[in-house]
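Take a look at the structures listed below.
Each of the two complexes below includes chain A, the first together with chain B, the second together with chain C.
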Partner chain A sequence: MNERLIFELSRPGRQGVMPPKNDVPKKDVRSLLPSDMLREDEPQLPEVSELDTVRHYTRLSRMNYGVDVGFYPLGSCTMKYNPKVCEDAANLPGFTRIHPYQPEETVQGALELMYDTQQYLAEITGMDAVSLQPAAGAHGELTGLLIIKAYLKHKGEKRTKVIVPDSAHGTNPATAALTGFKVVEVKSDQRGNVDIEALKEAVDEETAALMLTNPNTLGLFEENIVQIAEIVHNAGGLLYYDGANMNAIMGITSPGNMGFDVVHLNLHKTFSTPHGGGGPGSGPVGVKAELEPFLPSPVVVKENDVYRLDYHRPLSIGKVRSFYASFGVIVKAYTYLISQGGCGLKSVSEHAVLNANYLMHRLAGHLNIPYDRRCMHEFVCNPRGLKEKGVRTLDLAKRMLDYGYHPPTVYFPLIVEEVMMVEPTETESKETLDKFADSVIEILKEAAEDPEKILTAPHDTPVGRLDEVNAARKPVLRYIK
Partner chain B sequence: MRFIPHTDEERKEMIAELGIKGIDELFQDIPEEVRLKKDLNIPGPFSELEVLRKIKSMAAKNKTVDQLVSFLGAGVYDHYIPSAVHHIISRSEFYTAYTPYQPEISQGVLQSIFEFQTMICELTGMDVANASMYDGASAAAEAALMACAATRRNKVLVSKTVHPEYRQVLNTYATAREIEIKELDYNGGVTDLSKLENLLNEEVAAVILQQPNFFGSLEDLRAAADAVHQVKALLVTCADPVALGLITSPGACGADIVVGDGQGLGIHMSYGGPHLGYMACTQKLMRRMPGRIVGETKDSRGNRGFVLTLQAREQHIRREKATSNICSNQALCALAATVYLSLMGRRGLREVAEQCLTKAHYAYEQIINLLGYQPAWSAPFFKEFVIKTPQPPQEINQRLLESGIIGGLDLGRFYPELKNCMLLCVTETRTREEIDRLVALLGGDIK
Partner chain C sequence: MANIPGELKYSKEHEWVKVDGGRAVIGITDYAQDSLGDIVFVELPNVGDTFEAGDTLGVVESVKAASDIYTPLSGKVVEINRELEDSPEVINEDPYEKGWMVVLELSDPSQVENLLSKEEYEQFLEENA
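Entry: the complex of A and B
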């Protein structure tokens, strides 16, 4: 199955939409603008009808896989069901048809919704204040580290190092580098925790912060979190919480309780806003009271039942994006939050952890489970005895496509070879987990008996395995007629 | 509980299978001392009906641009969004997907991004574009970092006619990397290029201009590019893609990196986000670009297909050596823009741009003829213009609001020297009647 490019459907003179009638006196544009500012080369946009357009993108949508299509156990990404009511809420004209510079008196509902969301996220994370400004998780990390940098500078401290475990998301070291810190990596121990001795060695008076995901990317809870926090704090450093795995712990523990000073959340993971094929996301940042003055400007405040944007923040790191937030995404998250309530969120985490443990248990005899512990909301595993047959984890993942699944995350975290990282989420039923486990077992059997079938997979997808090497070697990044 | 499918019986079966007494046991690795001792204080759970009632009452407290007539622009625009855009981006195969890591089941998103990249190249006149950025402001900041890395220089000049919020974001990013930012003055509503030459030297990595600029005026990009290239620095241009349907592309003027916000291309204003940052550049800078990039390739059956490519630049491969920490993009907003541009086509986008131009000039001509109102300068403009007002803009806007009109932006908010100036925007969605009413209210003919 192949779909032509929209440009290849183009027919000169065709048009999809009729612009409104121009009801002001028509003037030649050359009388309004200098001729050298008018473009000579027309942009080669497609000329297609509305039906051409709708059919083209509908066909493309059918070549795409989302949570609504099937099981999506992509570890670290929390691909849970995105409730439809959240979409309806965000599409209300009262939210979509408002301009960010409208007078505050005309957007009290929007400000109230943002204020309440700030409060709820502070409650969940155990932080004292929250900014909704960052546009994504990595953007939240950037904001969080800039807050730490500004706070340390304000205190007159020059600390240059950020510590990350070897299991950390790639964004952690990338963000530390982007914010001008030196990255120091610490290794993990036999149980998949941060190696305490290595941490003690790495932490010193130069340490600005430790960035930690907890549960970590192996899906394991850092059992020594209290000691870790103590080590970092005693050296005068701060603790940064990467909220990618918040879905495991809501209502059970909180970053604040664990000793973290700064947190970012991924609303598009934990709080069920859809991923959109890669965005838009939203990455709010929460902080403890002493860091609050450094939050991005503005924040939403409430005074005598009136909401307003507070720009008077002399110590703020400034702005990390234009305006206030990915507001449309905030509306979806807010809708989800009140749909669940406090007790519902706890139940979410309980069932996310139950599902992961159940699925791990179902696969344990068939795949290698490198850490013999209870997992949290996700677990890592790898195949055994397939290397000799030339079958790699990537091949197993491609075969899963034929079975109608989105495969787990593969080759991350980097510290487990040929790894698969499986996160079923709480919205999947026991039947789905059982069926998936049966399929994986079947695929492993195929790999042992008929490796060729796996090596040439996928077979039943719209396109076959794609040549990524050549794509990077001779980049073709746009259509040219 | 909502959105959790487990029946009591299934839960029991699963617990039994795991050989535990209850779900609590699964959390045994969490030390007792960090556990929460009380329930989260968040209202709910509420049924869908109750949730919608609550949300609708909040939405109803906002006054929309359908209830009021808006002449606000300043980076966010009320352009018409054809119905089909919403219907396509509501296909849940698109919106419930993750970043296309498995290309064989993600051709929909990948191909649409490839089409998006092509359209952005066409509009900006550049060689390559990425899959999108968070918003225009962060795209401009990333462009500055990219220019510093490419030139191995550490100073960026930015015009004061660039959106004030974009400059704030640029400052935030620059502080982190200890990049020196210097602002360029303006004269007559456009960047003062006569002063640019004195500031340009071998330390300057990039000069950032906006086209049309924050005041709506058109900059002389060609002259700027010539000066900038004399010292082997890069010209970064923030451009409104709707304007590019009509005005000369930054690429044709010699820009090296073009960024901007594509909100005007079929994306709701939504109180400031989510919108659509874009970035395009010359072939030479391709491997310096941050963000996701989609490329064409072939599949095992010999057919054309699309994949994420040039990933060696990115954080998940390069970690601390990546070109940026950016991970996601705004794929769904990029899809909206792609559908919008397909529906509009070459002629439609030009028509929209021409209407913005003529309607804005129609409003401008009448307002400057009103007693006490004066043009701030005479620079050519696209859909926004600056007017000196006889009373503080805040007072005028309060009066307009009482009559159902949202007036222009009070420029004193960002430019102390322009405290009696208002930035007005007229797009194709404003009617002659609405413009006439604005003019009559400003002139005091009607109350």
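Entry: the complex of A and C
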């Protein structure tokens, strides 16, 4: 890459800004701050001109790749396309210029928007009440399990185990462990479902909850979900729905219908709000009526057409976040919800599933599809017969960069060898899907005929193959001259 | 084809076990290290920790994924391979010798009978890989 670090552009004495003359009395910093808060060496700040700085960052920004630039089959699992109208709504001065300490009667519109979002999300998930507080998906999981823990404690039950399938997102066992539960893993069966016999064996009077994603991370609908719910409920446990794959089922079925008691959603996945650098995330939690008293506070309530923040919740797990959640993000999700409407959301899911199935069928003759089933909004696949040539999934992913695509998720879920997980989402056209499929087929052909080309990819990106191993083993996290 | 020494025992979770009297050395197989790819971090238990067969003994993290290591035998940890903390790549380079992970003092040596032989593990890999 010919772009140097901003530190390397630095020249002694070069300046981009001219601070005005100091018009307050000068004081020694040592008289103002405790000595252990003071650094001993000069900070290594780059000395650069304004134009050099602007050019540097503009060049870097042009190397960026996002869903606004090209196809990005990481799908809703990372972030869907964000409609621009949602940004417009969140930028309305009535939303941007309010303050969290304003009296409730002066922010009725904002509270109404939050209340309506709670109601819509409850309707979509089949839950009775929703909290918008959690800051993102994993935080939603933590909140959900804290609610389950508080509920069980209130009932005087001592349950110590949380069951997760081997196809689960890594955050599920992590959340269960952080909440103080013992994690028990159950296997998947040959069809990619939770193995019912293994589940029966794992569930007992110690079981607090089963955490499940449906469709699961293989992109497959858990066909025995009703039976699974029965097994867990009969043992006195609860069902937790990881909403990461909600994009597949909106308006068709709901976690409530399937027997789930607690659910978290990722607004930045299913409801088209930004994520990553453009975030923050948002991970609302929905519960069935029995668990409602345990929701974090505050919850927005409506009484006689007046909205207020309800803090008086004696059984609540308490506050999980400052103020009233990621409000701007909620405005964007609300805008998405009302611009789609009920029928629109259903058609989002239908198209997401259709697109994934179409792409899977286009690639089926060229890649191995380990589960011979119709997929939901995403599918898993792996290459055939390339191992002998030393070509792995990672190499195929690197070559996709040369074709102008961000590669799909690789090496997750863990239960499929050399896996690729492809999620096109509902917004992609048939032409885009065809072009991507053609590129993948071309790359597979290259891999068979000229593996060297794949093994040394990418060739056309600003940097070539990065040393990921060294980056993980010996990360350099700050610039040192 | 993965290297599977004849003198060791194996688990379906891809650990190898070298039994020596009442003690067992445990590591991960060549197949496991190859599937994981370059290993960048290893988390081992503390000496003195006790485990039941099937418990999570530690974690190996590669550039691809973090995976649990399960103990196929019950027992108490009497030794851990501290070298792995600084040089996890040893597991990739030499999974059966320098890449050993823990030594257990077995609480139930009869569990060794449940482990797979070289031939059985080979067949298991053929059927499942």
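Heads up, the rule we're going with is that the second predicted complex is superposed on the first by the 414 of 481 C-alpha atoms of A that agree within 3 Å, B and C clash if a C-alpha of one lies under 4 Å from a C-alpha of the other, contacts with A are read in each partner's own complex, and residues count from 1 in each chain.
Criterion: a residue touches a chain if its C-beta (ideal position, glycine included) is under 8 Å from a C-beta of that chain, and two chains touch if they have at least 3 such contacts.
If you're wondering where the values come from, they're calculated on a predicted model, not measured in any experiment.
With both complexes superposed, B is the one of chain B and chain C in contact with more chain A residues. Of the two partner chains, both chain B and chain C are touched by A:Gly170. Contacts of A:His154 after superposition: neither chain B nor chain C is touched. Touch criterion met: A:Ala472 reaches chain B and chain C at once.
In the superposed model, A:Ala397 lies in contact with chain B only, and not with chain C.
In the superposed pair of complexes, A:Glu417 makes contact with chain C only, with no contact to chain B. Touched by chain B in one complex and by chain C in the other are residues 170, 412, 468, 472 of chain A. Within the complex formed with chain A, the chain C residues making contact are 35, 37-38, 40-41, 61, 63-67, 88-89, 129.
Those residues of chain A whose C-beta lies close enough to touch chain C in the complex are 170, 394, 410-412, 414, 417, 468-469, 472-473.
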